[in-house]
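One chain, chain A, appears in both complexes that follow, with chain B as partner in the first and chain C in the second.
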Partner chain A sequence: MPDTLTIPSSPAQPGGSPAAGGGGLPRLLPPAGAAPADLRAHLARHGALRYAGGRGRLTGEVAAAGLTGRGGAAFPVARKLAAAAGARPAPVAVGNGAEGEPASSKDASLLWLSPHLVLDGLQLAAEAAGAPSAVLYLRPGQRLHARLAQAIAERAAAGIDAVGVALVRAPDRFLAGEESALASRLAGRPALPAYRPARGLPRLAPARSALVQNVETLAHLALIARHGAGWFRQAGTAAEPGSMLVTLHLPDGHTTVAEVPLGIALADLLGLAAGQPGSGEPGVSCGPVPVQAVLVGGYHGTWLPAAQAARLPLANAMLRPLGAAVGAGVVAALPAGRCGLAETARVARYLALESAGQCGPCFNGLPRIAAALGHLAGSRPDRRAVTDLERWAGLVTGRGACHHPDGSVRFVRSALRAFAAEIGLHEAGRCSGTDPRPFLPLPADPPSSDADWS
Partner chain B sequence: MRQQQLRVDPVACSGHGACAELLPELITLDEWGYPVVADRPVPSGLHREARRAVTNCPALALALARVP
Partner chain C sequence: MTGITHGTALWYASRATGVVTLVLLTAVVILGILVNRRGRLPGLPGFAVTGLHRNVSLLAVAFLAVHVATAIADPYVTIGLAATVLPFAAAYKPFWLGLGAISLDLIAALVVTSLARGLIGRRTWRGIHWLAYACWPLAVVHSLGSSADARGGAVLGVLVACVLATAAALAWRLSAAARQIPRARRAAVTLHRMSPSPARKAGL
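Here is the complex of A and B:
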């Protein structure tokens, strides 16, 4: 991961003024234009960390808040906290800031701008679990590590932390933050996903489990402990309360991190409007740029045609029936003039190379799927490539130790639907792409299959 | 007796294919040689064969698990 950060801007934020302590946004990020928060600024804005007063005490308030994990799976946080409070011996509390998704930079932005909110939440998670110690698992980046090490030292000097926090560097891999891969890394082994037939907390050792929460989830936890469930629910929908951080890839090529209420219309999020500018033609545009499709949920996510996306909210209640999900909040609006098949083929190749290579169906299937997409992205493809793709997609689904094959196939299948007309164009020897520059971000150095996992 | 189902540990499995030879009624191989297990409980007449497939997996990747 490059050692760069996306500094958040403030797009349209319906739902309130940026008053700290109120229901307004931003909650997690500093107000637009404010400097990153050191401990003094953090305490001035949010007040002192409020411990719940014992193991398991915070669970009820978190359940009432309806907080779900912001790492992508949207698992109810209270249920994980309850499992952790009941685990013996007590689990280790882990903040997951691996953020292996190349299109996401919201966790890095949060850690850079509001490190103490995350560290507050990590202390609360440790308290809720009765954890003897805590770990912050961080994506690569020297500046980010130095900042977090400094923040941890500031807190130690002020004596506000109940348990010590160790910083552990995640490898620069797509799957580094997958929970079983994280557990493997913390146990001193490579960060490879593991087969876990039994549900429950992941294990670092036979007698030690881990309570793993995404770093943004921890930051929400820190504010719920201060302001309560009712305050948390002032943003978002009744079914999906609160705010969330999103990484937006706008059709003009800009990337931005924003904090938005769950349930915000994708049209408001991206600034989409009906019609093509300067003509009466139908379609969807973002400012002067026509948009053809929207990717929701990142590289394990789903392409939606722009006209469909423009009518949908950023909410699982509406997205899941379409096979899509909010995920970790990556939303990309693909402008017209870029070939959606070429974009998907590039990412599919990356995903194939990011297979840990442990499970036969994933190791064999993803490269073939990526190659077939590359074929479709070329001129006058053989339509049998689509049949092959569908068969291989069926063969890899549900047959990996982790969700990588399933997520990759969801992404690819959605492209076959959203870019069906583009496949027809390519069969006729044409392509709607006029701009050959890549749109979706990928690491500069393509991973090699035996690259470092530790 | 509780119903049982065959489960493959996909990390441990290295595609020897022994299971599909011993229990073709419930296990076939995909085009890369990895087992595709029928998504249903082991029928009562095949328990002996299922146990044999489990014990004969060279990678110890096949297991019988209780159906939840």
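Here is the complex of A and C:
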């Protein structure tokens, strides 16, 4: 992962004024233009960290707030906290900042700009679990590590932490933050997903489990402890309360991190408007740039045609029936003039190469699927490639130890639907892509040896 | 002793089941090697090889039970019950029968740990399962040493065939292990195989 960080702009810049729902956004990030928060600035803005006063005490408030995990799975945090409070011996509290998804930079931005909010939340998670120690699992990047190490030292000097926090570097792999891969890394082994998914909390050792929460989830936890569930619910919808960080890939090529209320219209989020600029033609555009499709949920997410996406909110309640999900908040608007099939083929190839090579359906199936997509992205593809893709997708789904094959296949299948017209064009020997530059971000090097997972 | 009579029936039964057990054990070892290296048999899916390995093992145990029971029951030589499990405790050919007893004990350990694999954990089971490689040669030497008809004729032919088949399987296992693709490269290798050359050039 490059050592560059996106400085978030206010969400009002790309689209409208989503903060109108109340609750005062941004909550997690400093207001636009403010410098990254050191401990003094953090305390001045948010006040002192309020511990709940004992193991399991925070669970009720978090349940009332309806906070869900912001790492992608949207699992209710209160249920994990309750499981951790009941676990004997007490689990280790882990903040997951691996952020292996190349299209996401919200965790790195949060850690860079508001490290103390995350560290507050990690202390609260440790308290809720009765944890003897805590770990912050970070994506590679020397500047980020140095910053977090400095923040931890500041807190130690101020004496505000109840348990010590160790920094652990995650390998630069897509699956490094997968919970069982994280557990394996913390146990001193390569960060590979477990063959057999463990039930309940992941285990670091036979007698030691872990309470793993995404770093953004921890930051929300720190604010819920201070301001309560009612305050948290002032943003978002009743079913999906609160705000969340999103990484936006805008059609003009800019990437930005923003904090928005859940349930915000994708049209507001991306600044989508009906109609092509400069003409009365139907379609969807973002400023002067026409948009053809929107990717919601990152590389395990779903392509939606732009017209459909423009009518949808960023909420699982509306996205799940369409086979999509908010995920970790990656939203990309693909401009017209780029080939959606070529984009999908590039990402599918990356996803295949990021297979941990453990489960046959994954390391045999995903490369086949990626190769077939590469074929479709070329000129005059064989029609059978589509039926092959559908068949292989069915054979792969649900047969891996982790969710990597399922997520990758969901992404590919959605492309076959969203870019069906493009497939027709390619069969006729044409392509709507006029700009050959890649749009979606991908890292350069696939793993070449097993050491790349450590 | 040229035909099967009332008095020699058990003696023949014991030797015949011994030979069959050895053939079955050889099949079990070869199937086990296939399972370990994810090898396939023509027309069978991967999981069926595992199923065959297990079922042939249990069949071998059944024949082994008859082999041991008939050897004890046979009045021609006296082999106590204890001598079938305690090595070198037999009055008759103590060394050669002792090897058979060790082999029997190892098979018992392999079967019990395999049935209790869920309880003892995969790693322990795997460690104990390596004993299979000690068990099979012991059974072969036991056959050669304790039975006069294994030194020539058809029985010797069967023995030699078993040894050759196992040696071939073992050689294949070692070469397959040497050819094994590291985990991190598996998807890349499949991708390379799948991609037509123009797409490969374009980096897709």
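Keep this in mind: the second predicted complex is superposed on the first by the 435 of 454 C-alpha atoms of A that agree within 3 Å, B and C clash if a C-alpha of one lies under 4 Å from a C-alpha of the other, contacts with A are read in each partner's own complex, and residues count from 1 in each chain.
By our rule, a contact is a pair of C-beta atoms (placed from the backbone, for glycine too) under 8 Å apart; a residue touches a chain by one contact, two chains touch by 3 or more.
The model shown is predicted, which means the values in this text are computed figures rather than measured ones.
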With both structures lined up on chain A, is it a clash or a fit for chain B and chain C? clash
Going by the contact rule set out at the top, does A:Gln358 touch chain B (first), chain C (second), both, or neither? both
Answer with first, second, both or neither: which of chain B and chain C does A:Trp231 touch in the superposed model? neither
May I ask you to decide whether A:Phe75 touches chain B, chain C, both, or neither, giving the answer as first, second, both or neither? neither
May I ask you to decide whether A:Tyr51 touches chain B, chain C, both, or neither, giving the answer as first, second, both or neither? neither
Chain A: partner with more touched residues, chain B or chain C: C
Let me test your reading of the model: by the given contact rule, A:Ala194 touches which partner, first (chain B), second (chain C), both or neither? first
With the two complexes superposed on chain A, say which partner A:Leu395 touches: chain B (first), chain C (second), both, or neither. first
Name the residues of chain A shared by its contacts with chain B and its contacts with chain C. 358, 360, 362, 364
Once bound in the complex, which stretches of chain C touch chain A? 46, 181-188, 190-191, 193-196, 198-199, 202, 204
If you look only at chain A, which of its residues touch chain C in the complex? 192, 345-346, 349, 352-358, 360, 362-364, 366-368, 370-372, 374-375, 377-378, 446-450, 452-453
Can you tell me which positions in chain A touch chain B when the two form their complex? 193-195, 197, 358-362, 364-365, 395, 399-401
Complex contacts: residues of chain B adjacent to chain A: 7-15, 30-34, 36, 63, 65
